[in-house]
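You will see two complexes here that share chain A, one where it goes with chain B and one where it goes with chain C.
Entry: the complex of A and B
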């Protein structure tokens, strides 16, 4: 049963545009899907390697800007009068370049920041995100600064000679996001179930032991950072071409916090965790916006974050898995008992 | 030259309040190993409390600042008691997530209570600035500088000359041994967090009236405080003081001679550079407090 769960979820998700015609809810699904992709990429670092990267929004934003700029074209003057002129390219190349550029920054940041661990790693990653935000705000010639990049073209799919198809409609964009989400899921699950993934978990559990048995810690961490940044960049590109406008606020710390909340609520270090957490936090605003202002909604998020860490530190998915495991072992076990066992297990 | 001197004067005033922020954080991070993301919110809490006491309740300006510092101290003790005490022994990432949650609640609470419009506080100081040669400085800034130095000196004496300070230093060096020697660790942690929060609130209370008070003012303050701590080395009051002035110097010079848009980037570039090339901070001989 558990083997088929991802397929069932995929089919169920694919059927959504067929019966759901409310454009507002469909819009919520699309943006939620984009943030689930970003949260999945964060989970690769946070859940599997145990490195809390709080600058993750940098890769999301870099992907968004890179994709938008490749599709829009730009004309900037660098130092010493060197001008770089770029003619607009097709949008799908923009999305690919978004992934490539974000992955490149993932490599650079990974190489540099994995020299430090724990709190210092967190501070370096946040600092990186803030520097990138300030560059996006101040390099007006390239990014238009606070005026935002506007009129970002929609994604066009097609083959030469067959015809082209603009993904204008929400239905078609939903399928694009779902496809990228499924692809990211496959990439991450292949990675974490490979030799590299086991190495990552080993170094999360006990880094000095992992080093002593010959695991190239920095190499695997950088690999995780590159893949994670690339996927976050893909999410950013999808975000830019969906909203068609992108401004430096995309780098705000609150977006990273949103991703972190999604991951820890769903369950870090599980493949399904970011999806479950993402759906919960993607849809809270949909239901709460009629009676909660944005400030109260954020206060709710903050309290929820504290509460989760206090009562369910492993997240929802591991708790459910434990509950099922306990029930399979002993069908008579009441629910209360298994949750108590879970609390005792918690670190 | 005139411009340079003016930058130096600005640097001294900004740096003295940065030092307060940094000392508060270096104590909390050094002794408790808690990455306090709410530090910047305690800073803006201090600023709002001055506004609340001086403008809405009508207290004297100087009394309002004292009230704000005491309120910051109490709020810090409360946060420690409610959020951190039950999580004693949890790893650093767990408490970090809790403090991020606290930061979000506090910042949006400020936005909800006070609204997004920036507030300003009237001060009893004369409008005309103090002019020394070609450099002019407002009387308020002179007061902020002197008050900050007094608070820095007071925290130095508290840590190095009192029994409480001795217990804090012992806890910093070795928590378990300190506990065996009869130090009440729970009390030390609460005192540390309350003291650090009071210093952050003091920085906000002093700097808030110089600029304007807005819910976003705490946003960068936590990270700047970290830049200071990283510069100065963990647990060092002297290092945090020098680090505060150095960050202010880098910001003033960056804003004055490179681009004002990148003023806030200076702190982050310093963090990245120091952590990558000299991770123990510029002044740390070894990790010690005092």
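Entry: the complex of A and C
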């Protein structure tokens, strides 16, 4: 049953645009989907290697800017009068470059800061995000600064010789986001259910013990940071080409906090956690909007978060898994922690 | 040392004039000893004598202030812990010997890390090599659990097991890392008499496979029972070295363990 759950969820999600025609709700699904992808990438670091990246929005924003700039083109003057002129490229190359550039910065941050753990890692990531935000704000020639990058082209799909198709409609963006989400899910689930994933969990649990059996700590943490930043960059690229406008506010700390809330409430270290948490916290503002003022919406948001953390400290998904495990109580299937339960599903 | 025995014995691990200082504190002042291939050597001494520090130096967790450590002719001084493990030198820990919130089986799977053959691309693309490698690792994990004798607890969380059983998982994990030499830090602490006897049998099995073993242990009957040689440390230096029978009668060792006050007080009262 558990094996088919992701497929059932995928089919159910794919059917949404067929019966849901309210553009406002569909828009909420698209932006929520983008944030779920970002939350999934954060979960790879926070839930599996145990490192909290409180500057995660930096990778999201870098992906957004890189993708937008590659597809818009730019003309900047660097030091010593060196000019860099970039002609616009097709949008899909922009999305790919967004992933690559974000992953590169993931590598840099990973290398820089994985000598430091815990609180120090948190500080390094926050500082990194702030530096990137200031660059986006002040390098006006490249990013337009607070004026924002505008008229970002929509995503184009197509093959040479067959024809191209611009994605303008919400339906097509919904499927694009769903596809990227599914791909990210596959990448993360394969990674965490492998030798590499076990190495990450080992590092989270007990670093000395992990290195004593020959696991290269830093290598696996950097790997997790690169994959995580790359996926966050993909989410950022989708965001830029969907909204068609981005400004330095994409680097707001609030977005990182939103991702962390999605991961923690859904259940960190579980594959489904960020999706469940993301759906809940993506849709609370949407539903409460109809009967609450904006201030009360955020109060409701906060109350809901406190309630979940208080009642289900491990998150929603682990709580559900435990409940099912306790229900069909069978001495052969003990309460194995969710992350490891997946590992053992295979035989 | 006789000529015959030195010709037969090939040194596996050699520790030469190692000193470890923490600021002004001297944890090890000058330590020199060797462990030969296939030998079981015990490192004993009162608490704080520097036994665990010696382990940390050998396995790369600490850099020696002075001196050199060689394993099979290769210097270990500059190596990181995971690189030392990759050379076949694997340790267990005194206190935290297992990954608590992971199942016993997965503890061993983590230990098997170095034996996995799948590359990152195999994993991400789900290629056959990934599945084959995982299948081999699972089979190997089951064998190791059987060797150590905790296969019946494979699916339980490691943290839920009794302390003595957790020590066994620690050894299982070390074995999984494919060692040619095992360094065991107080493996039977927290075990009852029956478990200790079983553990001694396990050590016997391991030495039968040609494994070199360095043991830190307080349980004297066990140390005397399993060791080929014993090295006694006190205040960071070696005060005696030799086969169990010689160590048992060594007056310096008795003084280190019981203290001089014992004799004096016995005389005085």
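Everything that follows uses one rule, which is that the second predicted complex is superposed on the first by the 307 of 347 C-alpha atoms of A that agree within 3 Å, B and C clash if a C-alpha of one lies under 4 Å from a C-alpha of the other, contacts with A are read in each partner's own complex, and residues count from 1 in each chain.
Criterion: a residue touches a chain if its C-beta (ideal position, glycine included) is under 8 Å from a C-beta of that chain, and two chains touch if they have at least 3 such contacts.
Quick caveat, the model's predicted, so the values are computed rather than measured.
*Asks:* Based on the superposed arrangement, let me know which partner A:130 touches: chain B (first), chain C (second), both, or neither?
*Replies:* After superposition on chain A, A:130 lies in contact with chain B alone.
*Asks:* Of the partners chain B and chain C, which touch A:187 in the superposed model: first, second, both, neither?
*Replies:* second
*Asks:* Thinking of the overlay built on chain A, is A:100 touched by chain B (first), by chain C (second), by both, or by neither?
*Replies:* A:100 sits against neither chain B nor chain C.
*Asks:* Looking at the overlay, what does A:292 touch: chain B (first), chain C (second), both, or neither?
*Replies:* Touch partners of A:292: none, neither chain B nor chain C.
*Asks:* Applying the document's definition of touch, where does A:310 land relative to chain B and chain C: first, second, both, or neither?
*Replies:* first
*Asks:* For A:108, using the defined touch cut-off, is the partner it touches chain B, chain C, both, or neither? Pick first, second, both or neither.
*Replies:* Neither partner.
*Asks:* Looking at the overlay, does A:20 come into contact with chain B only (first), chain C only (second), both, or neither?
*Replies:* Neither partner.
*Asks:* Once the two structures are fitted together, what part of chain A is touched by chain B and by chain C alike?
*Replies:* Shared contact residues on chain A: 347.
*Asks:* For chain A, which residues are in contact with chain C within the complex?
*Replies:* Answer in residue numbers: 187, 190-191, 194-196, 198-199, 201-202, 205-206, 208-217, 223, 332-337, 340, 343-344, 346-347.
*Asks:* Quick one: in the complex, what on chain C touches chain A?
*Replies:* Those in contact with chain A are residues 59, 61, 80-82, 85-86, 90-93, 96-103, 105-106, 109-111, 113-114, 116, 118, 120, 123-124, 126, 130, 133-134, 137-138, 155-157, 173-174, 176-177.
*Asks:* Which stretch or stretches of chain B touch chain A in the complex?
*Replies:* 29, 35, 83, 86-87, 90-94, 96-98, 100-105, 107-109, 111-112, 219-220, 223, 226-227, 230, 259, 261-262, 264-265, 267-269, 271-272, 275-276, 279
*Asks:* Considering the complex alone, what residue numbers of chain A touch chain B?
*Replies:* 52, 112-113, 115-116, 118-120, 122-124, 126-128, 130-131, 134-135, 137-138, 253-254, 257, 260, 264, 293-296, 298-299, 301-306, 309-310, 313, 347
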